[in-house]
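Labels A, B, C and D are assigned to the chains in the order they are written; within every chain, residues are numbered from 1.
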């Protein structure tokens, strides 16, 4: 970066620490959020504080991971498309070899297809190590496509991406078939912490979650999503850690669960489509290096381990902000009072600067 | 911002110029894109170049604007909810006055409702001047809600936001009822420009658009969306101009149209849910001020005019990137060759730096 | 009908009675269900029995009604489409007159539009008296379209139906903008009736409803719907009363609500898109005449009143079957035991016949 | 059926013949449609006539078949749910045996799962021979569920159906993962037949299909569907052949494709979720027996062959009606003229009767 190419300096804060455990990482750490919306910091901070007041903290379970790209092929007719789809089943080794020729890290782990009229959509699924994998899978899919066009009769090029992937769009397919990391976070908040820190009740949050997140989103015509504002936390976390933040579009599809368990609050966020990486575009910038190191995602580990750690930290950050906002919205007027107070602080502090 | 609060420095470039006309702005201007995904710059640049080779450039028509917030009210039963909804119709002046008490700029321009069981979702629609309006409409809705709770019998507080708004989620309601600016961009590309600059044909782009954007997204289970990558351009433009970039989630819902008109290409992007503002959070940062000024969005105009100008520039930027990518995907292998070349350039240039 | 045109004789039973009250009808009545799926009869019957054990029975509130048709118009460009849409606002009386020229019963009550690229979708909303109104609104929309093509500059014919209506498809628009009757049914079931007749608890049904209907449908990628099997009851009711049963596609979109209120069960079904009529195709058949008369929908009433009565009876029937099935599914194995028992009865009875 | 249980006599006609070929059946046959909407008969008849004027007729390709049921299981937490899901992979033989214990015809052919918070949705996929299979898979899933509850630690009963199946709801999952028969029908209509019989052009139909079916449905907020009126034909065919017609809800989700191929029309309907059977409820009624026999679906064939034949005939019938309606809608006023004429004929004929 030279002077002629200035950067957009997005305000960034580290909030927390939050406590996390589960099948990927057990740690306490602050998390970085880069955003123009400063109220996000104290909001996530409050959720992080809650996590520190519980024994296991946020339990994050990574349940699946894969990166996908769909190619589009035109066949002579549906019967030819079907024959093409069927031939792939018997050629796994051969296709695997094509992929190995493209990348050290990409590995083909599945193929799904759909036929519509004479068109064949092929959805390739890959493991991509510590990379989010956009380019890796595009390169591999391009090679697979060229290979198929040469070796399968009756088909021709449609597109290297058929929007059946699906990248940076909110769709149903990613959650159903898998794309990115699928992470479930769970937090059991003792009754007195709910009252004292969140100033509400488990029953209040559970009811609001059903009415606002599940029902409200349904009535608005949402797709596979029921949450208050995952997009805010993901944006802040993604910009701060050098991710392609356009992936918040599908990343923010997810479901919040809240249950009143005898006054304690069971709170969970399921994020089925988290796209993150610790290598690739943006990861070489100084502040990103610093952030990834501080999050423990620059350690020498098996390929994929650092990216998984980053994913569960992203998901835990989402839970913190989601919990805090829902708690606030159970109380009439609280949200606006908080905003107005923050504005006042900001104005005062800026005036004093 | 002091030293203790570093910023996330997102690489930013000005690309273009692009040419734009229509019912909001007629101008030629470069546009800023802040992103970690450097291939975006030449891609949008190519689309901008195409616009400069046409007489009218990108014709951007703003067809609607409104900002919304939904509140959730619990009623004794459905009949009471219905009575509450009906009473609002007769009390427009009174509600208008409540809103005026909250903000100089907010103006109530519509109310929609939906009843589910004994719950009443009220969706307030506002004009918000040059602000995107998130806080303004939350404040106003909060006041409206408190007013209604005091004056309408049989209802109680549900939530100040019922997810029926809908903010930062991909849903159907925003496009159907309106939220943010609704902008249609159109560009007629002469046949020889299609061939020479885009290296493809109008027929090729038209066919790809139907198969990938319309059909592929449909099969993936998308919602009111058919495009290749609006999210990428919006993210870059939003971060560069101080917008709340989490709004790319709904902002990137939109439909690309491409028609072969005797060899010329009619290309259009409709973005029904564009949320932008020229005042508010993030707009006071130095680089944002500079960017907005350079885009002509800091001029003394009627309230709302600067925001409208920003909206059509955002939409035109989206068209440029969308056109370029679709053109590339009509040609087998072109996309990967471009990426590989850019990677090589980047590596070389960074090595030399 | 002559011998040469046999009929498909769908088995039909009258079940109930059920008790109903609310803003349309207060009565007790049996309801007819024509279906090949005989287990539906006792299932709905159990729900009806529950309604009879409560004081007010099923409280049905009709909250809206309108029938719609969308026409598709091609404009020279988006600006021309916008001008066309705006001109309609000032011409309500004129358009009203066009509609009056088509039908004694159709009345234009609203127009919505959406612009995409250079296309203009116009969605006309009508009151249609006692008819479901498919043909009436098609006729009226056709006349409106021809009138507009003659009097609005720059537009040409696209289609008399633009799928933006939306007829016999599951979409979001019908629930959001309204199509058909919007009916909310509510039933408060005392704790002991829940236990004795439904053999379950309010808490059990409430939890199942959230997990299966709200969450399960969401994860499956549903659209504005959360119920167990509205389609079954609607099909049976529609075939028995001469309705166009293809309207179960959108009619079965709706939301079930279940709450544990201190052991009592609050149970509600919201059906926003119910299409029914008491005149028109199919209504002249003998068994349909009989059924409508028995339901009290052949009385001399204001136009529209008989259709409204039929709508709330349809909705109440839906509630009965929904309640019964959900209750059964709270108990492991109950559903299958019931089916197996019914099969055994059926086989025995058929063997004996 | 005795006198005490009257039937709903739905008017039924046999239309056609239509010509069909492909990977399931090659034949010419009339098809039965039971409906109150008499204009459907000549409409489907016109499409059938077109098929007879082509050499191969409607080419129907069955690309997949499976019947599904999802059960819902509650786990102690997400980690336990994940462990439960993983254990299933290693126990295929054991589960297969459980299924064999329930039914001679059901065979387990796949399991998919999704974890949300501490809930585990298991979607079992079965082959079901000639039955549509609703009861067969419910019985088998019930047995599988009970077996799992006994043998997998940390899980408890949620529901025998989790709406993740998905039965009689319009969702994305059925098309993506498969449910019922997936049938693609294709028809190449020579230019002069388009002009003479359909009174339109291939270009006209292709353009209308994009604007109305693909774009219009998208804007209306549809889910995985783009057609004019599949529901009408399916309803008529299902009632006439003893099917559970509530399955038109998901069955009518499908995509119409129309292309202008040098003046000839390539026309295709893809129906991914066709549920049909030739045995089971409703199939023992006299007129159903007759209909199935006349369609050639009562022949002695391998289990499943008769149901497949019925599926492609249903799909071909859908194509006939879809083609005819789209052709009519390319011509301003044609649809209404046809309806008005039919009404006149009907009235005259009824008056004369």
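By definition in this document, a contact is a pair of C-beta atoms (placed from the backbone, for glycine too) under 8 Å apart; a residue touches a chain by one contact, two chains touch by 3 or more.
Since the model is a prediction, treat every value here as computed from it, not as a measurement.
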Option in B-C, A-D or C-D whose residue-number contact pairs overlap A-B by over half: C-D
Whole-Å gap separating chain B and chain C, where each centre is the average of the chain's CA atoms: 35
Between chain B and chain D, centroid-to-centroid distance (C-alpha), Å: 38
Residues of chain A touching at least two other chains: 114, 116, 171-173, 175-176, 215, 219, 221, 223-225, 255
Pairwise touch network: line, ring, star, complete, or other: complete
Chain B to chain D touching residues, read off their complex: 172, 175-176, 210, 214-215, 218-219, 221, 223-226, 255
Chain D to chain C touching residues, read off their complex: 1-2, 5-13, 32, 34, 36-38, 70, 72, 114, 116, 119, 121, 135, 138-139, 142, 145-146, 149, 157-174, 176, 208, 211-213, 215-217, 219-225, 227-229, 231-232, 234-235, 239-240, 242-246, 248-249, 252-253, 281-282, 284-285, 287-288, 329-330, 332-333, 335-336, 339-340, 343, 350, 353
Interfacial residue positions of chain A with respect to chain D in the complex: 22-23, 59, 61, 63, 77-79, 82, 85, 114-118, 171-173, 175-177, 182, 184, 186, 221, 223-224, 255, 257, 266, 268, 270, 272
